[in-house]
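Structures incoming, each one as structure tokens.
After this come two complexes, each holding chain A, first together with chain B and then together with chain C.
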Partner chain A sequence: MLKDAEMIAARRLMWAYVVTGLAVLGLMVLAGVVLRATQANWIALDPGRFYALMTLHGAGMIVAMATSGMGILWYLLRHQTVLSERIAWTSYALIVAAVVAVLVSVVAGRFGAAWTILYPLPFVGATWPGWATGAFLVGYALFTVGWLLWCVQMLGGVLRLYGGFRGALGVDYVFRPHVFAVQKGRPPTPISLAALVAGVDGVLTGVAGMLIGTALLAHLLDANVRLDPLWAKNITYFFGHALANLTIYLAVAAVYVGLPYYTGREYKSSPPLVVAWWGTLLFVAIAYFHHLYMDFVQVRVLQYIGEAASYLAALPVAVVTVFGALTLIYRSKMRWTMGSLFIFAGLIGWIVGGIGAVLDATVPFNLDLHNTLWVPAHFHTYLLEGVLLFVIGWAFMMLEKASQSVTPVIVLWLTGLGVFGGGAVFLMGFYVAGALGVPRRYAVEPPPGPEIASWATIGALLLVCGLLVALFDAVRLARAPRAP
Partner chain B sequence: MTSSGSHRVIAYALLLCALASTLVPLLPAAEELPVRKHHLVHGLVLALSAAAGYLFARERQARQPHQELQGEGWLYFTVLMPVLSMFLMWPTTYDWLEHHPLAHGGEHLCFVVLGFMATYSGERYMPGVGVMSGVATVLSAIVAAFGFGSGLSV
Partner chain C sequence: MERGPIVLVWFLVISAGAVALMIGVAISTRKPPLAQADVTKMWYAIRRYWLIALIIAIVVSFLLSLPWFPYPVAAQYTELQHYAVVAQQFSFQLPSTVPLNKELMFDVTSKDVNHGFGIYDPNDSLVAQVQAMPGYTNHLPVRFVLAGRYTIRCLEYCGIAHHAMQAAFEVR
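Here is the complex of A and B:
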């Protein structure tokens, strides 16, 4: 149990992460609307600026989602064990510095090699100065060090709580349940499992990120440093895919806490839940191979591993977490407020986006869908209509708890129509265009890209309106008198 | 010999092996290595010193089991050691180092310190963390062998 002062400090830190993440995310949403409007030929943006904005949008979104989720998970684990606020603030400062470096690179230097900085793209035919590439890489390095600090701290916290990996993984809880019960062992909680996965996979991801970042920086400073493009792509996607995936698992902590709050039921640990998280621990790290199906020189067995891991990664999500959430909700007389609505809708977005991802990870489909707008379709679904909604749902839950006030029904409807209705129209634009083979990452799209982008932009604007309504309501709740 | 004592002996032996690698470049028979092998040798040096660091930390923990293990400073070391080791793997410096044995030995000494501290500081921060840090440090050197410094020139 935290003392009052500790609780206040932890809450301040959590809000700093969450609000910073949401603020960056809000800006990136606006950047995204501009990108889509450009593809719809509504506004004229020269290609150089388009690709710079696209780079900023991609990098900013991932960092924003990760930052928000880091704040939530840190706060929840802080309730279970001792964590250093100073380290968490250091990590936060490094991430903010990283955002500034990336902004300088993209806005002033017009760096436009996409957030994946896939070698040799940043160095061949670049329309931006070398220092812009350097600033971007420095930004990545700052983020990665901040991320590593956070991950190691979370890992240390979980290991302290359970006395080592065996306890944290719940090995005895799964394989020796009777002995475990007699010894009155403490099963891993959903929060500690999420923190463990973030800690272990996060360290591996961070080190991979530093490795490719160092290699690219070395090449920038000394062109004689050669890199193997296939090697660079493997490391880049191991880092990028796992980081994007982990943002979901950070934010899913909000589901484990939010749904019990609204349903009045406990989200219990169970051996299937623990085993599911073991699966997540493994599959987050090895599913990235599906990004390299088109690379004929990639070792073939890795392609099979990629496809199998992509399918298997869906099981823990769909069968355990989401099914568990639904059983929690079923006949629970759940209170439908802004917070619960966002968290529940986020589960839908996670599943729909996950299905889109698994389809794309299936080799015969990938032959047609690879590098089409299907790719942003699926990740926008589980990030924009999944992770973001978990984070917003969490923020509303905290505000509702503090104010003991709820949102009027009309505001719920307006938000729902904007965020979910507008969001659905926006996402359908990606899915339909992707299925029709419209390529992604192009400032100018072939038909029917611009036409589809037009109604997708309308959907995006509706989505922005819904988010603004939610923002106004959040401000109202924040200003409401505190609950006793 | 007690378990703790044997751990200490193994730890010293591993550390000595790692330190011996700093002398190898000084030998007249030292041969020039291609970049890939060079990375792998660094991986080996890191692995030896990381294992020594792990055993020293565990042995210390066995002697003082009730001591408060956590410390913020250790965490910063844990994170920075693998990061610094990557900057030492700058492939185009290898040629120059091959022709400057003292500097080369010094570079190996840096790897010994970084590998040792990666696990030692991690274990001091919290048992288990050093293992992750050590594995990540060694893996980064091994992975680097397959593309950092070899491949297309653009």
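Here is the complex of A and C:
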């Protein structure tokens, strides 16, 4: 149990992360609308500006999603163990500095190598100055250091809490339940498991990010330092895939806390839950191989592992996490408020995006879908209509708790229509265009891309309207008198 | 029907089922509540079968997909007629014509950055693709069954004129 001063400090830190993340997310949503409107030929944006904005959109979204989730998970683990606020604030400052560096690179330098900065693209045929590449890489380095610091802190916190990996992983809880019960051991909680996975996979991701970032910086400083393009691609996609994937598992902490709050039921630890998180720990790290399906020179067995791991990654989600969440909701006294609505809708986005991802990770289908708009289709589904909704749901839950007030039903409907209805139209644009082979990352799309993009832009605008309604209601709740 | 639209139909059907189930669970909160222990008992009995069903689905899907993996055929590159493809910001060097109804192999590489070699048939359907990577050659086996003009589009972001990186060849 935290003392009042500790609680206030933890809450302040959590809000700093969440509000910063959501503010950047909001700006990146607007950037995304401009990109889609350009593809619909509603706006005339020259390709240099389009690809710079696309680079900013990708980098900003990933960093913002991660930042929001980091704040939530840190706050929840802080309730279980001591975590240094100074380290967490340092991590926050590094991430903010990273955002500034990336903004300078893209806005002032028009850096446009996409957020994946696939070697040797940033250095060959670049239409942006060398310093813009340097600023972008420095921004990545700052983020990666901030991320690593946070991951190490979370990992340290969990290991200290459970006396090492054996306890944190719940090995005895699963394999020696009787001994564990006699010894009155403490099973890992959903929050500690999320923190453990974020810590372990996050450190691996951070190390990969530092490795490729340092290599790219070395090449920038001395062009004689050459990288193997296949090696660079593997490391880049390991970093990018695992980081994007982890943002889900950070934000899912909101589900573990939110649903018990709204249903009045308990989200209990169980051996299947623990085993499911072991699976997640492994699959987050090895599923990235599916990004290299179209690189036939990749070591062949990795292509098979990629498909198997991508399939298996769905098991913990479908059988334990979402299944458990639905068990909590079914025939409960669920209170439907803005917070619970967003959390529940986020579960739907996670599942639907996961279905799109599994289909894309099937090699014979990937032959037709790889680098088409099907790719942004599925990741927008589980990030925009999944992670973002978890974070917004979390924010509303905290505001509703503090104000003991809820959103009027008409506002709930308006928000729902915009965010989920508009979101569905926006996402279907990606799915349909992807299925028809329209390439991703095109400033000017071949037919029927522009026509589909028009519908998608209308959906995106509706989504923005829904988010604005939610924002106004959040401000209203934040200004409401505090409950005693 | 091309594979892309088929996958879209599959996606819509599976997703609709999942969403319907989840909305059904949400609607169930309007009914009189049950004790958590009773719900847990009921759902956990189902979960065992759900897990088994998913494992079977995963194993079957994986096994069914194996014959469609392009890698073993791509590795037997010596037996086929080869056509060199070189990608470079923002163009392709490739043959002007290739034969119809004959298994052939594109040897695809890049002179500068990563590109994608995406082949669209005369109906503008994506029929094959592979990455063009500097320092490596990817071998893409293809058999064209439709005569006409095929469009090549870059399918890996490669710079400011990525969207304009196109070429074409005739299949006859």
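Here, the second predicted complex is superposed on the first by the 484 of 484 C-alpha atoms of A that agree within 3 Å, B and C clash if a C-alpha of one lies under 4 Å from a C-alpha of the other, contacts with A are read in each partner's own complex, and residues count from 1 in each chain.
Just so it is clear, a residue touches a chain if its C-beta (ideal position, glycine included) is under 8 Å from a C-beta of that chain, and two chains touch if they have at least 3 such contacts.
What you see is a predicted model, and the numbers here were worked out from it, not measured in a lab.
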item	value
Clash or fit (per the criteria above) of chain B with chain C on chain A	fit
Chain B or chain C, by number of chain A residues touched	C
Chain B versus chain C as contact partner of A:Arg86, first or second or both or neither	first
Contacts of A:Ala478 with chain B and chain C, given as first, second, both or neither	neither
Angular separation of chain B and chain C about chain A, which is computed from CA centres of the superposed model and rounded to the nearest 10 °	100
Touching partner for A:Ala218 - first (chain B), second (chain C), both, neither	first
Contacts of A:Val179 with chain B and chain C, given as first, second, both or neither	neither
First, second, both or neither for A:Asn371, with chain B first and chain C second	second
Partner chain(s) touched by A:Ala308 [first = chain B, second = chain C, both, neither]	second
First, second, both or neither for A:Pro229, with chain B first and chain C second	both
Chain B versus chain C as contact partner of A:Pro120, first or second or both or neither	both
Touched partner set for A:Asp295, first chain B, second chain C, both or neither	second
Smallest separation of CA atoms, chain C relative to chain B, angstrom	5
Shared chain A contacts, counted only where both chain B and chain C touch the same residue	120, 124, 228-230
Of all residues in chain A, those that touch chain C in their complex	47-48, 51, 112-114, 116, 118, 120-121, 124-127, 228-230, 233, 265-266, 272, 294-297, 300, 303-304, 307-308, 311-312, 314-315, 318-319, 323, 326-334, 336, 344, 347-348, 351-352, 355-356, 359, 362-365, 367-372, 374, 431-432, 434-437, 439-447
Touching residues (chain side chain B, partner chain A) in the complex	70, 72, 75-76, 78-80, 82-83, 86-87, 89-92, 122, 125-129, 132-133, 136-137, 139-140, 143-144, 146-154
Contact footprint of chain B on chain A as seen in their complex	82, 84, 86-87, 120, 123-124, 145, 148-149, 152-153, 155-156, 159-160, 164-165, 199-200, 203-204, 207-208, 210-211, 214-215, 218, 222-232, 235
Interface residues, chain C side, partner chain A - complex	2-5, 7-8, 10-11, 14-15, 18-19, 21-22, 25-26, 28-29, 31-34, 36, 39-40, 43-44, 47, 50-51, 54-55, 58, 61-62, 65, 68-71, 74-75, 89, 112-114, 116, 118, 120, 124-126, 128-131, 133-140, 153-164
